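First chain written, first letter: the chains are A, B, C, D, E and F, and each begins at residue 1.
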Amino acid sequence: MILHILNRPPSSSLVYRDALAAMGAVDRLLLIEDGVLGALTAQVRHFQAIEGRLFALREDLSARGLEGQCDASVQVVDVDGFVTLTEEAGKTVSWF
Amino acid sequence: MILHILNRPPSSSLVYRDALAAMGAVDRLLLIEDGVLGALTAQVRHFQAIEGRLFALREDLSARGLEGQCDASVQVVDVDGFVTLTEEAGKTVSWF
Amino acid sequence: MSSTVNFSGDLLVILRHAPHGSSWLREGLDAALVAAAFGQSVSLLFQSDGVLALAKGQGVGPLGQKGTATTLDMLAMYDIESLYLDPEALERFGLGEQDLLLPAAALDAASLPRLIAGHRLVLTF
Amino acid sequence: MSSTVNFSGDLLVILRHAPHGSSWLREGLDAALVAAAFGQSVSLLFQSDGVLALAKGQGVGPLGQKGTATTLDMLAMYDIESLYLDPEALERFGLGEQDLLLPAAALDAASLPRLIAGHRLVLTF
Amino acid sequence: MRYGLLVKGAPYSSQASHSALRFAAALVARGHRLKCVFFYHDGVYNAARLAAPPQDEPHLYDAWRSLHDEHGTQLQVCIAAALRRALLDSREAERHGKSGHSVEPPFELTGLGQLIDLGREVDRLVTFAP
Amino acid sequence: MRYGLLVKGAPYSSQASHSALRFAAALVARGHRLKCVFFYHDGVYNAARLAAPPQDEPHLYDAWRSLHDEHGTQLQVCIAAALRRALLDSREAERHGKSGHSVEPPFELTGLGQLIDLGREVDRLVTFAP
């Protein structure tokens, strides 16, 4: 399992497309920084291909006032959860 | 007439959408830097709404080896032409 | 947006970036505040991810980064009252007027070019 | 792309940016060259706007900026011979194999995750 | 016409500085006056005096200085953007208790108000961003 | 586990440095070892010693130093990326005939080879980009 990390939102950048294309069947995607905009219910359709394997960093959601708008299908993790995800993954790939 | 200047390509960034939305009926758009990728025949459809008012900077096309792929509907200008465009425009707006 | 609104001013600052992810938003707001302090008439347009600058409930970042929500409070103090937003961008994030810290006028497609034409200087951030 | 190809190696460098517009491409290529010089097996993937790194006919910039086309010539010298590209990206720009400086293998959708899984370290630029 | 440029990209990282210098050369060659280049956001890094690029690359710092020397163009750097990015002239270094400085003339640290003034004084203000 | 971080964003301009520092704190708190932070692209600006951010903002330069002091984390800066961005230690300043320097320990200018070594030596290398 590989952890992909994405810090750009699908609302302004198309890099999410390449991140998704690079993901294997059990890989996970963590949204951080402005990437968390993609976790909103109104945006999360861009990630429907990996439902159940999509994560978002809580403190980046909450700094932006968006924790309440985060879609229920997204697994929200704190920074310790971010570390755990990197422990569980064989490696990480960052997309920006 | 306002000169809009765009340095990101529609292949990776969605800023072109906002630039187009901001343009009035006689405004012009100049593609520079990586923005010139949008001038290629295979990409220029993103700018069909402003056909005849789309420009691209020659030296940015040629440094990338793309002058031959630039669509015939795009007016290619050198840097003096860039200056002329700014002279003719009441002001410029840069999109990035 | 009524077509009788006066879209003119000295400076239009277009804010296209979300809070916290970069310094664009703060630097754009700073430019707006300084211009207003210099006596210029300043308008703000929240466009694309920039509409999130207006979202309620913003806080500090995990290292104590201030963000920009507190700067928004200063706009009225500086007499920056012409605030506009791109309604499509707002909708893109599933947000409505009730989710915003400050009221900003939704611009229709025809008004955006007029807003830009009506200001002597336009800076994008 | 044949499924018998061996997608493994020490380092995969993913190049996503066009030449000249930023230093990403050069800095990614530099990392690849150094790794190869250190004896690692290195693969390159040209993805998104990065496929334009392979376009024929690139030149210097107007201030004499070198660009990266000359660096590409050094790949073979450093035994970097596993070059891959995203065929969709190539098509997006209307380019074909005949337009490329170097041959790179087009990756199908199933192979891209295998390429990434097969390298111990993946760096994106 | 009188022109001003606003540069917001770091040198070498993005093409913004190259494009601005190229545009600057073209506009003065056409007889326009380039009053000032204002550096903001990561553009302030253009003012870093110790830049030592490889000899086969354009020396952007020297190119800005030449623009000043040959055409009297002011090189103004937003002080707020500069301080947090470690760009201090001698005066600011002293004020912040730091030894050494990273910015020197013809680059000047100034407030954002100078950008607003510039916008008022010139006929065209053109932005080059990363 | 042994971790390495690769930081590619300029401080303050993007959140990359903040995110990396935050992640660093969390991983050492969980008992992992953070061997090295490698700075590349605009990340090298994190090593600029004269940074003077406003007092109500995080002092990123000092935070990197604390990471080194408290956990022995190496702070390595790509020398090629640094020189063109005006980041020189005393030795490089002398070599390039410049007075003054902009980088000092615990930040070290090193070659890209160190990044490759780091990738070999650690269990996880995590990149924070702008």
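The rule is short, and it goes like this: a contact is a pair of C-beta atoms (placed from the backbone, for glycine too) under 8 Å apart; a residue touches a chain by one contact, two chains touch by 3 or more.
Computed from a predicted structure; not experimentally measured.
Within the contact network of the assembly, the step distance from chain A to chain C comes to 1. Least step count on the touch graph, chain E to chain F: 1. When the partners of chain A are compared with those of chain B, the chains appearing in both lists are C, D. Taking each chain's centre as the mean of its C-alpha atoms, chain D lies 34 Å from chain E.
Annotation: 27 Å between the Cα-based centres of chain B and chain D. In chain F, 12-13, 15, 22, 41, 57, 80, 125, 127, 129-130 are the positions where the chain touches two or more neighbouring chains simultaneously. The residues of chain C that reach two or more other chains are 16, 20-23, 48, 61-62, 65, 120-121, 124, listed in rising order. In chain B, the residues touching two or more other chains are 7, 11-12, 14-15, 33-34, 59, 79, 91, 94, 96. Taken pair by pair, the chains that touch are A-B, A-C, A-D, A-F, B-C, B-D, B-E, C-E, C-F, D-E, D-F, E-F. Put simply, chain C touches chain F in their complex at residues 20-23, 61-66.
If you check the complex, the residues on chain A that touch chain D are 2, 14-15, 18, 21-25, 27, 91, 93-96.
Here chain C touches chain A in the complex through residues 16-22, 48-49, 52, 55-62, 65, 67, 69, 89, 91-95, going by the rule given at the top.
Contacts from chain F toward chain A in the complex involve residues 1, 3, 8, 15-16, 19, 22-23, 25-27, 29-30, 32, 124-130. On the side of chain B, the complex with chain A involves touching residues 11-15.
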